[in-house]
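Note that the chains take the letters A, B and C in the order they are written out, and that residue 1 is the start of every chain.
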Amino acid sequence: MVDLDLAPYVATAAEATERSRSWRAGIIRFCRRQPLGTVGLVLVLVMAVAGLLAEWIAPYSPTSNDFAAMTEPPSWAHLMGTDQFGRDLFSRIVFGARTALFVGFSCALLGGITGLVLGVASAYFGGRLDLLLQRVFDVVMAFPLIILALAVIAILGGGVHNVIVAITIPLIPRCARVVRSSALAIREMPYIDAARACGFGHTRIILRHMVPNVMAPFLIMLTAFVGQAILAEASLSYLGLGVQEPTPAWGLMLQGGAEEFASTAPWIAVFPGLAIALSVFGFSLFGDALRDAMDPKLRER
Amino acid sequence: MIRKSGWAAAGLAVFCVATMAATAAAETPKRGGTLTFMIPADAPPSFDGHRETTFATVHAVAPFYSVLIRVNPDNPSSTTDFVCDLCTEMPQPTDGGKTYTFKIRQGVKFHDGTPLTAADVAASWQAIVRPPDGVSSARESYFIMVDQVEATDPTTVVFRLKFATNAFLPALADPYAWIYKKEILDKDPHWYEKNIMGSGPFKFASYDIGQSIKGVRNPDYYRPGQPYLDGFIGIFAAKQAVRVDAIRADRAAIEFRGLPPSARDELVRELGDKITVQTSDWNCGNLVTPNHKKKPFDDVRVRRALALAIDSWHGAPALSKIATVHTVAGIVFPGSPLAASKQELEQLAGFWPDIGKSREEARRLLKEAGAEGLKFELMNRNVDQPYKYVGTWLIDEWSKVGLQVTQRVLPTGPFFDALRHGTFDVTVDFNCQSVVNPLLDIGKFLPHSVYAENYGGYDDQKEIELYQALLRETDATKQQAMIREFERYVLDTQTHMIMTPWWYRIVPARSYVKGWKISPSHYINQDLANVWLDK
Amino acid sequence: MYRYVANRVLLAVPTLIGAAALVFVLMRLIPGDICLVRLGSGGGNVDPRTIAACHAELGLDRPVILQFVDFVWNFSRLDFGISMWSGKPVAEEIAARLPISLEIAVMATVFAILIAIPLGTISALKQNSWIDHVVRTVAIAGIATPSFWLGILSILAVLEISNAVFGAPWMPPIDYVPFWEDPLRNLSMAILPALTVGYRYAAVSMRMTRSAMLEVLREDYIRTARAKGLLERLVINRHALKNALLPVVTLIGIEFAFLIGGLVVTEQVFNLNGVGRLFVLAVQNQDYTLTQALVMLTVAIFVFANLAVDLLYAWLDPRIRFG
């Protein structure tokens, strides 16, 4: 039987080498064409390094109180000052990068993959499954994140893992919607029907034909999700519904003490917010540049 | 020569008179002005003082009502000085201390013009002590000693008790015991939840939901000259930063509950002598309650170790710089005559002067109980001041004897739920009472079978017996000894609960606010009748 | 056309019922008891009988199914019930807080539209120039910056600057007065929150305008118009903008519905007595009736915003209109 498989495959080693060389050239081209995107990439890398190597970079433990050094301004001993418990702010920010990365990537991956599966299934099978899923997505998207988060936190308890659950849930329908509209376009193509006619199973068609073609918007959405998840965690922690003390997390650092000491010790409020803004900024810039680079229509005229 | 010195003498005399007049004027209250103050809460759930326990209700609504007796507004930090509001003089109990007869003031009028009589007082107290079905009275359990309350004639109210006790009079001075109109209570006992009509120094003007409450002077108030204010505006603001900024920008003059040290420092630094700070020990405190139903906290050695590990003597001064805590004391409010002295305290676990020895003993006990390096979770409420600060400090202290503790912070609803269902290892608990009434206040330490708000999950018949005897003892010296025995039993022998430094009230206010004096309770002295503005 | 409309309207119903069921279940899964919070949070002693009486009063001792049926039935008759916390009608509680939230939402929208459309257009016209980079950076900064952090900093900035310049610190008024009573006071309270919320709103709209304009500018008819020698200004206004605006308007409509989520945090920061803060309070107090009503309100706004957008598309797309 003739193999009507049309998915892109890396068939030989020679082709693989060709690809890696062109990957490097691609990156260089990317940096030159998308200066903003490069800035974003750098920011993301800084954050990743901080999060991964936190133990080596941070001068102090992020959770040890030092009542003798409360709310001290930035100095050589404490690069970003100390908070109201005497904890070193720089160390907390560095460890906070780890929390943010963990939350951001977990939510993005979990939400993205679930959304991908549901969106493609919805588009492929259509009919009543599609109708049902669409209604469920509507309800979840319309539902306020705050209530969902509070309910999840109250029922399951606080902590990082439950925050991830709370943030992932609204991300799923958003991803599913976008994937579904991309997949719908693919579904209309004649080779899908041809493949069905040849008797190929649903799974094979979905995995080999539909999924690879929605990859581009999907990946771009993932970078956006990481940023959104970090922001969502910050908002929830600010409202007291997110990660709990004494876990170092940027949003949590902006709650309570930051506002109470805003006039007397503004560094407690400034640095965590700056960290959040810069990381989400980096992810957004990078995601934007990625989209611009991958979308043929938006290339330079 | 004589003429010169004559003029000098005259000038000096004039100067003296002028200074005296000025000083006298500074002490004479000025009439007029509107006091704007912040209320650190979201709107009160209802206006009914009999039903609610939150200070939001009392701060917002107390100026509209009168009470029978109260803590002396000119000496509110006293724990024994009770004076009459609606009565004419403080009665001496008769019949072996079981009967109190109050004579009610003449000429008091409700805001709708009708006269207030003993019948109204009796009906209001009846609603508090023995509410009819379907009506809730939050203080019912404070008055188990009351057998009967009735108005024997239009000017006399008589309380008959089941047994004589020193706890009755302070309980009677409860700031929520507002006097309602009997006619309205008879028609609709729920009327006062949404409506306000009292006999107090201010008349209800308006209420913007969730925003502010306004009152204006009651021209027929029975205290001549009072209230000095033309009116007041109480603005609800749950966020501390807003309240501090409001006082700083003079959008409000005072916040009556209490602000943390950082706010006080900021205001004093920015405004200098435009701010006056009053401070007082607070009849509120956090406690640590181990869950006796969970191993290994059923073992008294583990509980004692928890107490011995904590260095309150050094911790309190450090904490008092950032949190609203201050004084180290036992189970009795530190300012009360029934409180323990420093020497007496130092005998109890958790108050030893030598922390090294104390922690050594803690380690020894943990080892003996097989709980070395124990890991557990401290449950806490999601409130910054001072809960989270105290919680963080406790975890640090326990780490010094090898205990590995994590904190679980819950919002108010789930926190209470977890307390009630005992789904915690160890929790930060709290005990807050309106009037300083040590005999009733220490009820918190009694087992759940007697005191509903105890969450330790233990039963202890001996403790209950000690308490019952204590409650009925009327001789002051004997009572002192008995309360010391009770304290030792609860904090040391059994270590049912562990004390942390008592809360501290810090009230910075604009200096033009005069007449209001701070007290150990943020519930009392809020009818604003004696407050005036010096501007 | 009418079949399409009827179809879309009917589809809104299961969404609303689904949301109702979800909020009902979630609220009751949260551990806690409003009566205990209300009566016992002062720290004193509360009799269990008092709590039982409170339960009976609020109807919490009835079977759960009955409570749900009552809720859905009443909601369909637009009877939102009584708030469990304060005893006042839910409609009254919400109505008291709607003005300030609405005002900020409207001001933020106006701000977003005024800023986003011109800037987005310019950015698209001058793609990859320095103007484009600056606008894109500003837009992404608007999306990346946590709005509550911006709020905190702006309050601080206003306080410190007014202190430095005027010698006395100035803060916006803390009690709300309606616009017609005292416009200056009202605006001074609303302007900072509106700008904080509007910044993010403008940023999202700016990006959408830019990408929509870029798409349109590549169309053949634009090239034709330019080839015809038409003034650039006319090309943009008469041809490009009108077509680009459709997705932008769609986005603005949908983002308006999401604004409520943003309001929750903003009203916390600025301590405004609005619907967003009411939301947080209702959930914290475990006031079932109030929370349910608010969630249904939010979902309804979202559903109808989507519906309006769908209908707009249906009206504009001849395939659907005449299909």
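Quick note on the criterion: a contact is a pair of C-beta atoms (placed from the backbone, for glycine too) under 8 Å apart; a residue touches a chain by one contact, two chains touch by 3 or more.
Note that this is a predicted model, so its numbers are computed, not measured.
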Worksheet item: Is the C-beta contact count larger for A-B or for A-C?
Response: A-C
Item to complete: Please indicate the chain closest to the centre of the assembly, with centres calculated from CA atoms only.
Response: C
Worksheet entry | chain B and chain C: spacing of chain centres that average the CA atoms, whole Å | 41
Response to the item:
Rounded to the nearest Å, the gap separating the Cα centres of chain A and chain B is 48
Worksheet item: If you average the CA atoms of chain A and of chain C, how far apart do the two points sit, in angstrom?
Response: 23
Worksheet item: In chain A, what residues contact two or more other chains?
Response: 150, 154, 259, 262-263
Response to the item:
Multi-chain touching residues of chain B, meaning two or more other chains, are 239, 241, 270, 411, 413-414
Worksheet entry | Multi-chain contact sites of chain C, meaning residues that touch two or more partners | 30-32, 155, 159, 268, 284
Discussion item. Going by the contact rule set out above, which residues of chain B touch chain A in the complex?
Written reply: 239-241, 260, 262-263, 265-266, 269-270, 318-319, 321-322, 382, 384, 388-389, 391-393, 395-396, 407-411, 413-414
Worksheet item: In the complex of these two chains, what residues of chain C are touching chain A?
Response: 11, 14-15, 18-19, 22-23, 26-27, 29-32, 127-128, 133, 136-137, 140-141, 143-146, 148-149, 152-153, 155-156, 159-160, 211, 214-215, 218, 257, 260-261, 264-265, 268, 279-280, 283-284, 291, 295, 298-299, 302-303, 306
Discussion item. For the complex, give me every residue of chain A touching chain C.
Written reply: 35-36, 135-136, 138-139, 141-148, 150-151, 154-155, 227, 231, 234-235, 238-239, 251, 254, 258-259, 262-263, 266, 269-270, 272-273, 276-281, 284-285, 288, 297-298, 300-301
Worksheet entry | Residue numbers on chain C that touch chain B, as the complex places them | 30-34, 36-48, 50, 53-54, 56-57, 85-88, 92-93, 96-97, 155, 159, 163, 168-171, 173-176, 268, 271, 273, 277-278, 281, 284-286
Worksheet item: Which residues of chain A touch chain B in their complex?
Response: 65, 67-68, 70-71, 84-85, 150, 153-154, 157-158, 240-241, 244-246, 256-257, 259-264
